[in-house]
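What follows is a set of structures to go through.
Across the two complexes that follow, chain A remains constant while its partner is chain B and subsequently chain C.
This part shows the complex of A and B:
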C-alpha cells in the first residue's frame, strides 16, 4: 500500500503546486492569449506579502489567513497596472508581449532584491500546519495537504465565477468571439482588465501558499514559471480543466521519474514527454474549437 | 544610396570596411585585455546573427539559444580538458577536475573528444542535428508562436538543470582553466591575438552566410512564412521545412560561438546558458533591429559592452536598465534602432503631405 500511496501523493502534491502557479496563467495566457513572463514575479510578490504580513501580525496562523486575500489584492493590483500600462497596447503582438513582460519581471526582481535583499527570507509555518497526518500508512506533511486543498478551492472558485456570474459570462463571451461580444455591448477592455486582475491575483495567492514549502527570494517566482507555462501548453489554451488535468499529470510524471532517476533527469524526461505529446495533440489536451487558420 | 548598398560592389566594400575595422583598427587601438573582451563580445554577436535569422526573418522566437551555445561550448571544453590531461600525464589521463572529484575512470563519452577533428565535427553537427530534429518534431505539427517560444525556453531550463547534475561535466561549476588550444598556449598574448582574429573571421563568415541566405529565394520564402504561413502552404511549399532550416542554421551559429567562447573566456558553466542568459541573447538583437543583417551584430556588441562596463559598477542599476530596455524597445521601437531612419522618413513624408494639403 505504502508503495502506491507515496508516489501518488507526491504526484498529487507536485501537481497541486503546479496548478496553483498555472491557474492564473491559464486565465491570462489561456483565455486572453497574453504571455505574461512577469507572472512569476507576481507569485514572488505573493511570497513577500506573506513575509511582510507575518512581520506585522506576528502570529503565523493568523497572518497566513490574512495574507491570502492580501496576496490576491497585491498580485491583482500589479497585474492591473501592467495590463493598463503595457500589455493592452501589445494585444496584437503576443510574442512581443512575452519579451516586454520579461523586462518587467527583471525590474520587479531587482526591486525585491533592493527592498528585501538577495538572500532568501524566512516565513514561519503556522503551528497547526506542522507535522504530518497518516494517510493509509504513509505520513503526509500537513503543509502539502493545505496546498492541495487551496488548489481545489481556487479551481472551484474560478470555475464557479466563470460559469455562474455575469462577469464570468462576459469573460467567456470575449474569449469565444471578441467581435461578437463587443457588438453585443460588452466592454471588452474592461473585461480584459478584470480577467487580468483575477489571473494575477491568483498568482499572488499561489505565492502566499508556496511560502509554506519553498523559500522566499527574489527569484522564487521564476522557478515556477516555466513549469506553469508547460502546464498551460500541455493542457490546451482556454480551458481550466485542461490546466487541472495537465498539472496533475505532469506532477505525477515528475514524481514517477524522480523515483527511478534523479530530479534533473526527471525534468528532462517531462520535457521530452511534452514534446512527444504535442506531436499527438499540437493544441494541447483540451481545445476551444475555432475556425481560424492559425 | 540604397541601390549601392544592395549592389555587389556595395556588399564587397561593406565587407572590406568590416574587415578593416575588425582586423586593422581594433587590434591597433585595443590593449590585449580589451581585445580579449572584444573577442568575447563577438561570440555573442555570432549568436545574435543566428537569432536575427530565426526570429527577425523567420518569426520564430527562440528563447533557448543558450542550449546550442552551451553544447558548442561544452563540446569544445571537453576537448581542451582532454588535451590538457594528455599533455600532463599521457594519453587516456583523467582531466584535473575529475581527479579532484574523485573520478578515476574516464567516462566513455569523453574518449572520442581527444581527437580535434572529432570535436570540430561534433561542434558543427551535434547542435545543428538536435535543432533540426526538434524543429521537425515541432514545426511539422504546426506548433508555433507562443507554444514554440515556451518549448524552447523549457528546453533551455531542462538543459541547464541536466548539466548541473552531471559530475563528469563539472556540475554546477562547469569546466574551466584551459591551458592549450589545439597545441597553442592560451596564456601567450600572441596566441590570444590569433584567437581574436579567428573569432573576428568567423563573425565575417557568419554574416556573409546570413546575407547569402537573405538574398536567396530561400530568404524570400522565410519572410513569407513569417508574415503569412498559411498562404505559403497554399502555394504548395512546406512551411515547416523552411523554418527548420533557419532554426538549424541559428543553432549552428550559436554552437560555433560557444566553441569559440570557451578558449576566449576560459570558463563555461550552466549559469551562462540557462533560461535567463538565453533570453538575454535576444536583447541586443531587439535593440539593433531584429530583421536587419547588421542590427543584431551592433546591438549584441553594444549590450555586451554596456554589460561589462556598467554591471560591475552599478549592478542594481544595470538590471533596471536591462528591464527597461526590453520594455521600451519592444513596446515602442519593435524594429530596433535600425528602424529609426525609416520612422523619421515617414514622419517627414507625413509633414510634407500636410504642408501640401495646407497650401493646396
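This part shows the complex of A and C:
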C-alpha cells in the first residue's frame, strides 16, 4: 500500500505546486498570449512578501494568512506596472515581449539581491503546519496538504470569477474575439490590465505558499518558470481546465519516473513525454473554441 | 473541431521557438570551446615598477552562485585591506581588479584571460564551483599565471598554476566518514546535486563504504537548484539508513531539510552529514529544520582562538554584526595572506619565483596554522565535524589530531586505489 500511496500523493502534491505556479501564467500567457518571462520573479516577490510580513507580524501562522492577500496585491501591482509601462506597447510583438520581460526578470532578481542580500532568507513554517499526517503508512507533510488545498481554492476562485462575474465575462469576450468585444463596448485595454493584475497576483500568492517548502532567495522564481510554461502549453492555451489536468499529469509522471529511476532521469523522461505529446497534439490537451480571426 | 493555426497561434509558436533557440544557444555557448584556445603562452605583462601591484578578484556577483561567492569577495577585500594597512607586499600596496564570473564557467574563463592579459595581475583569487575551476585551469596553465581557489572540492586534481586553499577529500569527506563509522553507522543514504562534485564525492564514499562494511542503501541526485524532494525523502525514510550523506548544493538544501523535518525525520533518528552547508546557509534553511544535524569543514565561526576572534571581529566590523564567517570565506582570506607570504619569501612577484618558494609557506589562520604542500599546491588542514546548534552556528564536536597532509589523489588510502584513474 505504501508504495502506491507515496507516488500517488507526491504526484498530486507536485501537481498542485506546478498548478499554483502556472495558474497566473495560464491567464497572462494562456488567455492573453503574453509571454511574460518575469512571471517567476513575481513568484519570487511573493516569497519575499511572506518574509517581510513575518518579520513585521512575528507570529508565523498569522503572518502566513495575512501574507496570502498581500502577496496577491504585491504581485498584481507589479504586474500592472509591467503591463502599463512595457507589455502594453509590445502587444502583437511576442518576441520583443519575451526579451523585454526576460530583462525585467533579471533586473528584479538584482533588486532582490541588493535589498535582501544574496543568501536565502528563512520564512518560518507555522506550528500548525509542521510535521506530517499518517496516510496508509506514508507520512504526508502538512505543508503539502496546505498547498494542495490552496491550489484547489485558487482554481475554484479563478473559474468562478471567469464564469460568473461580469469582469470574467469581459475577459472571456476579449479572449474569444477582441474586435467584436470592442465593438460591443468593452474597453479591451482595461480588461487586459485587469487580467494581467489577476494573473500576476496569483504568482504572488504562489510565492507566499511556496515558502513553506522551498527557499526564499533572489533566484527562487526561476526554478518554477519553465515548469509553469510547460503546464500551460501542455494543457492547451486559454484553458484553466487544461492547466489543472496538465499540472496533475506532469506531477504524477515526475513522481512515478522518480520512484523507478532518479530525479534527473525523471526530469528527462517528463520532457520526452511532453515533446512527443506536443508532436501529436500541438494545441495541447484542450483547445479554446474561438471565432477570432487574429 | 479541427485545429486551425491562427496568425496569433503562429506568432506564439514562433516566439516559443525563439525562446527555445535562446536557451539552446546559451547551452551551446556553455559547452563551447574555452577562451584562449588559439592563444599561445604569452609572457606576463605584470608591471612591478610602480608602488602598487594588481591582483584579480573573480567571483560570481550575479547568477545563482552569487549567494555564496559574494561572501568570498568580502573576505578577499578584508585580507587585502589588512595587508595594505601593514605596509603591503614587498612595500607595494595591493590593488584589486574585480570581475564578475556571473555563475558561468565560460565567463570565468574569459574574465581570467582578461585579468591576466589586459590587467596584468600578479595573481587571481576566486572561483567556487568545480565547473568554474575546470574552465579556468587551462587559461592559467596556458598563460602561466596563478589562481588561488578557496573552496573545498572533490580532489583528483593538482596544477602548478592553482593553489587550493580549501579542503580536498581526505581533509573533509574521509574524516566525516571516519566519524560516522566510529559513531556506529552501518548503513547510509546518499543525496546530492547532479554535477561533478557530488558524483565524485559519492564515488569516494562508495569505495570507502565497501572497504569498511558500510551498506549504501540508496544514491539519489537531483538537478542543480531542484526544490522537489517529496519522492527522495520518502525513499530515504523507508530505506531507514543509519545516516544520510548530503552533497546537495545551494537552494536545494532548503527544500530538502524542510521536507525532511516535515515528514518527521530528526537528527536523533537519522542524522544528516552535509559538506556544503556552512554558517551562511543555515539562516535560509531555518534553524528549526536543521538543528542537531552535522557538517564537515575545516573552519567554524565558533572556533576558540585569538586569531579567529580577531578575524570574526574584523569581519563583523567591516560588514556588519549580523554577518557570519564560514569556511570558504576563511579559506579565501587565508589564500590572500598565503600569497603575500609567498611573495615576501620569494622576494618577487614572478610566477616562477612564487611557485618555487611556495612549498612550506605557512600562515596562522583562523582555523589554525596552514602550510602549503609544495608537491601538489594544496594545504595541510585540520578536519572538523560540527553540529548545528540553536544559535544557528556550527560547533566543533570532533577534530583531527592536528593538520592532515593533503592527498588529492587519495594515494595513501588502499581502498581508493581504483578512484584516481577515473578522473
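Odds and ends about this structure:
We take it that the second predicted complex is superposed on the first by the 289 of 294 C-alpha atoms of A that agree within 3 Å, B and C clash if a C-alpha of one lies under 4 Å from a C-alpha of the other, contacts with A are read in each partner's own complex, and residues count from 1 in each chain.
Please note the rule applied: contacts are C-beta pairs under 8 Å (C-beta built on N, C-alpha and C of every residue); 3 or more make two chains touch, one makes a residue touch a chain.
Predicted model, so just to flag it, every value in this text is computed and none were measured.
Once chain A is used to superpose the two complexes, chain B occupies space that clashes with chain C.
Of the two partner chains placed by the overlay, only chain B lies in contact with A:107; chain C stays clear of it.
When the shared chain is aligned, no partner comes close enough to touch A:192: not chain B, not chain C. Residue contacts after overlaying the shared chain place A:143 against chain C, while chain B stays out of touching range.
With both structures placed on the common chain, the touch criterion links A:264 to chain B and to chain C. Of the two partner chains, chain C is the only one that A:92 touches; chain B does not reach it.
With both structures placed on the common chain, the touch criterion links A:83 to neither chain B nor chain C.
In the superposed model, A:124 lies in contact with chain C only, and not with chain B. Partner contacting the larger number of chain A residues, of chain B and chain C: C. By the touch criterion defined above, A:41 reaches neither chain B nor chain C.
By the touch criterion defined above, A:282 reaches both chain B and chain C. In the superposition on chain A, the residues of chain A touched by chain B in one structure and by chain C in the other are 33, 35, 94-95, 98, 110, 113, 222, 233, 262-264, 267, 282, 293-294. Across the complex, chain A is touched by residues 1, 3, 6-9, 11-16, 18-19, 62-64, 66-68, 70-71, 194, 220-223, 225-228, 230-232, 234-235, 237-238, 251, 253-255, 258-259, 261-264, 280-281, 283-289 of chain C. Listing the residues of chain B that touch chain A in their complex gives 59, 61, 134, 137-138, 141-147, 149-151, 153-155, 157-159, 161-162, 164-165, 229-230, 275-276, 279, 282, 286, 316, 319-320, 322-327, 330-331, 334.
Contacts from chain A toward chain B in the complex involve residues 29, 33, 35, 86, 89-90, 93-96, 98-100, 102-107, 109-110, 113-114, 222, 226, 229-230, 233, 262-265, 267-268, 271, 274-275, 278-279, 282, 293-294. By the touch rule above, chain A contacts chain C in their complex via residues 2, 6-7, 9-10, 13-14, 17, 33, 35, 37, 92, 94-95, 97-98, 110, 113, 118-125, 130-132, 138-144, 212-220, 222-223, 233, 237, 254-255, 258-259, 262-264, 267, 282-283, 287, 289-290, 292-294.
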